[in-house]
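Please find the structures below.
Presented sequentially are two complexes of chain A, the first with chain B as partner and the second with chain C.
After this line comes the complex of A and B, so read on.
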């Protein structure tokens, strides 16, 4: 099977999965509103007369049987009408568009952190097997999967931002995406064209604003990266050890290559392949982490919006968030599978 | 891990007098003992289990306190740093954090075990059906499984907890908020088990002993229950051990972001961390200590689970 055929097939297979997900979000919204889906759009039910509510119900078909309503829900989703977020009083799609860049900037930075730290750690661990470096790395990896993300975020805030700041090292801010005082004189922070602040400030050539963004980004990105980093280094260690035991490594050593070349040119490249799949799988953990990290660091992204939506019982917002994250998650997995096939010619596409 | 002792006719494991399953169990115990990390994990798990069971002895419930989990507040003893009287310090409402951590261990143990048990039970049942019968049943079950696996765990359990399909969280007692979290997690926790068990059953059902059982007239459910599942169960045990820790991470997170019992002092770890956040900049212990309890719990089960995996599934050994 050709690569494009494989991608097409996988995309088609996504359709029933996404249908299933929307069916779940629809029924959850149904439960959350007690079978009265109109409630998710009415912000002040007490002030509306019985008559007006009835008119709204009639107009938008909220008294139809559930399958008819599910059909119109699907139709609305596809046509870009994702409902109305009552917690911020705006259409969901508007909010998504506004908050998406903040979340993406945070997650991509976290992913880069976890790859550039995790992979060398895994290699180091494998090449120093059973020595102190290995033990420390393995312990880090284990704590990475055992640490509560929200607790790590709070610890970083408390110790690296607050206590270090008290000691005079005032580098890491406690919250937010940029310093509002800096933003007064640096419009690139608030009026940039892309919404990705790193890019916006660079485009404006504004060094001070850029540094401000970097300082705000480090702690949340590290929080988010930590568990992924742990999983990646663990996988890298395992696959490195496996590769190092293979014949071609022995051959490389036998022909007199120095250890550095053997590891960098022969072992690492092959060991990277299985690690790629883990990066894809850890994407789910990353999305979970975004919710907690953004909430604690007051990061103006989708995650914080979703937890606030919970407090306000903003059903349309929560269900849209589920649909969106599921879509991102399945697409990320698809991309990783394709990447895997491209990297490893032995993988046959089925 | 050091190499296992070879089985020789003189070693204790090659003792025909013991029943084979018991011999296997003794051998497994011996191997587990040889993995240092797994032993540490087991020790941590046993410690938490002991704390959970003996909570009333370790941190006796004050006489005036009505509910064991709704902590007594003492406004004369607010934000006290850890000392001889309050080992882990007190909160900004004067609740004793040591008391909260101890009773929280009981709640967490109940939460971890019951969610994992229900999830595994549903997963094993569905996976067994799908793997054994194949065909339409298999397709149907596995497509539903795919849908659930396509959603990040915290997100979907958040959505289920909001929907609260059984109207649990609206009940007055704050403990029902935790029950709601537990139910939401159980509803989303089965798919990984379904996958594992289905794969195992597909591999096992072609075995001769299954055919033998069928040829002497055993029914489908007897074959699944007596002959296939017992042989398919070890990866489930490994996954369940690892999951008990993960359940606590997710349930504490859900409690932290607002699904848990509200109020000024409830003996549940996520709630304690959330309370601690309120006065974090004045008192390091309020956040740090309950979080350590969560991490230790998850670490213990992760270490034990990793050890069990090495033991029960040699192919996965790294």
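After this line comes the complex of A and C, so read on.
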């Protein structure tokens, strides 16, 4: 099967997967509200008369059978009406438009950190097995999965931003996506076309704003990346060790190739395959698990919104977040599968 | 080699552990904690005129506005912004919550002999932020708008006294209903700069209601120019209540305009160059949303923020910090426990069977487990609750001293508050005697509910549990943490929570905003929640609604509070403190309990940075 056929088939299969997910989320919302989805809109019960409540029920069809309500939900989803987020009192699509770029920017940056640090660390660890380098990377990996993300965030904020700032080195800001004082004279930070500030500032050719965004990204992205890079480095190490024990590596060395070529040209590519799986799954997890990082660094992302939505039983927001996250996971897995074929031509796309 | 490496690893671990214990206190405690109080209400003060600068002020807090539309927004974060960018005809004078002065009105209004019609002269030469000039038509449009939009989540109900407004708000809001309200002529343009407001009955609180942000004057042309195509006469069509453009933008006359609003991040206010009044000292104000307290605290200490929101349970973290000032003032927010007199609306209610089945876990019961839906209809049981509560511990330990005692629904400082009304005191012997005389002398089972995550309410519920259970071995109290929206709200709506904890902050500075809310069986909110009815109190409050003599009003509300207290319908917990923290280079701050804030800053136009 050709690559484009494989991608098309996977995209078509996305439909029943998403249908299943929407059915599950709708059912869960139904049971969570006791079959009364109208409760999510009745936030000021003291001032709502029973007649007004009934009007809301009639208007949104909340007294219809559940399967009719599910059908309406699907129809609205496809037409771009993802509901109304009662926890922030705005249409869900508006909220997603504001928060999605921030979350993706942070997650992608974190993933880049994880990959560009984790993979070389894993290779280094494998090629220096049982030597100090290997022990140090093992320690870092253990720290990465052990240290609570909020504690790491607080430490980085306190030491790299606050204390260093008091010493005159204020490169790392305390919080936010950008400095609001900088934004006054650099509109690309608040009025860009995409909401991805790195892109918007580059498009505007605004170097000062771009650097401001980069500085604000470093600490939260590294906080998020730390545990993921730990996992990637350990996976890469294990994978490298396995590959480097195979016959073709011995053959490559026997041919007289230098060690650098053996590792970079022959071993690494094969070792990447299982690591790519971990990277794909980790990306979905980054989108989900950012709430603590977002809270501490005041990062306006989906994590905080979804957590608040859960606390407030903001049904439309919860369902939309689940659907969006499922979509991201599925697409991430698709990219991973495609990468397999790119990395290893022997992998046949079926 | 391996042992050296092990030592290195252990050292690193210990170092990181110790790092987590580091504090960030500075060494020179200079923070002041002198509370400021509102000035004597009989002596209005002139606001000082600060020097105009190009400086930017940054305030970090936990929320952001829900909407910028004064006809809809009804929460504190939005109120803070609305009070900077919009203005009302009359407003409070500096820190005084008792004295209203003309703002967009050229002078205080005249009142017709029958007390029903206010005539306002509009201030000349006032510009809106979009360049329009204020006139009487804008005033009429602004108030008619909030009535006709009538969002149930908004502050429209405050303007019910306008002629025809109550009738309209109770209607279906059809085009015919709108026409009928407009035909009543509650708002009438006399000439370009004169407007009259006619009420359906005499209401001494009306001017106070006009000071609330709901009566902010908007530019009619600005609103109409940005109305969607399906709007009718610049208003949402019948059945809808929101104006999307107005939710995100403003067309006010205030000293600041909204320069930008980046959702979930910052709202930036820019000094309005054509403001009719004194030019603010600060060129910009940035209100930044930062939910984590530690991040806010670090920002304050580093100077990245000029002021931050500090919840009172973090007060100890800011006391003594170098370069920081604390201003604590008595707010007008009151906290209380409601005693539900008819659980699930009582056994005669048609929904009682399903309610009592669904919420059986919260049912008040006798010692033998028999459900008693009229548990708090027993006056002795209510008396027991009022006598048993440990008020001093609540103030001293739970609020950590950041509050004061309450002697009724009215907070100290508001017009009508009577200092001679005795404060409830804990009397355990009296509580035991009340128990012995009650319908459940052998004991009972009771549930106290609070919304989960609120630690103050949790501690209060636990305190009450300990006290009640100490009265008799037959008493069992269950403290229930209910998720706010999925459990607490529906249970409260169903009247299925026998004892609930809530708070109330004023919308306008008049006692009926409190007393009616708690006591009137038809017009109240919490009175209906607990099925409380006292005919004499209803009659008294109805009479007070049209009384204009201040002396009679004071006596009347005092009598009303005494009647309410005699019925022991609520347990009055406390009047909360406003806790404000800023850097010591901030000047001009003052507190007014009627300003929005969580707590926050009410009047940025009065601030400057030295």
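Basically, the second predicted complex is superposed on the first by the 318 of 350 C-alpha atoms of A that agree within 3 Å, B and C clash if a C-alpha of one lies under 4 Å from a C-alpha of the other, contacts with A are read in each partner's own complex, and residues count from 1 in each chain.
Note that contacts are C-beta pairs under 8 Å (C-beta built on N, C-alpha and C of every residue); 3 or more make two chains touch, one makes a residue touch a chain.
All values derive from a computational prediction rather than experimental measurement.
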{"item": "Which of chain B and chain C A:175 touches, first, second, both or neither", "value": "second"}
{"item": "Which superposed partner A:261 touches (first chain B, second chain C, both, neither)", "value": "neither"}
{"item": "Which of chain B and chain C A:32 touches, first, second, both or neither", "value": "both"}
{"item": "First, second, both or neither for A:89, with chain B first and chain C second", "value": "second"}
{"item": "Chain B versus chain C as contact partner of A:132, first or second or both or neither", "value": "second"}
{"item": "Chain B versus chain C as contact partner of A:194, first or second or both or neither", "value": "neither"}
{"item": "Which of chain B and chain C A:165 touches, first, second, both or neither", "value": "second"}
{"item": "Which of chain B and chain C A:251 touches, first, second, both or neither", "value": "neither"}
{"item": "Which of chain B and chain C A:297 touches, first, second, both or neither", "value": "second"}
{"item": "Contact residues of chain A, present in both the chain B and the chain C interface", "value": "32, 151, 154-155, 157-158, 162, 295-296, 311, 313"}
{"item": "Contact set on chain B toward chain A in their complex", "value": "143-144, 146-147, 150-156, 158-160, 162-165, 245, 249-250, 252-253, 256-259, 273, 276-277, 280-281, 284, 287-288, 291, 294-295, 298-299, 302-303, 306, 318"}
{"item": "Of chain A, residues touching chain C in the complex", "value": "32-34, 39-40, 42-49, 52, 55, 59, 88-90, 95, 98-99, 132, 135, 139, 151, 154-155, 157-159, 161-162, 165-166, 174-177, 180-181, 183-184, 190-191, 295-298, 300, 304-305, 311-314"}
{"item": "Contact set on chain A toward chain B in their complex", "value": "16-17, 20-21, 24-25, 27-32, 142-143, 145-151, 154-155, 157-158, 162-163, 237-238, 241, 284-285, 287-288, 291-292, 295-296, 306-307, 310-311, 313, 315, 318-319, 321-322, 325-326, 329-330"}
{"item": "Complex interface listing, chain C residues touching chain A", "value": "5, 9, 12, 16, 19-20, 22, 24, 56, 58, 66-67, 152-153, 157, 239, 260, 262-266, 268, 284, 286, 288-292, 294-295, 298-299, 301-302, 304, 453, 483-486, 489-490, 492-493, 525, 529"}
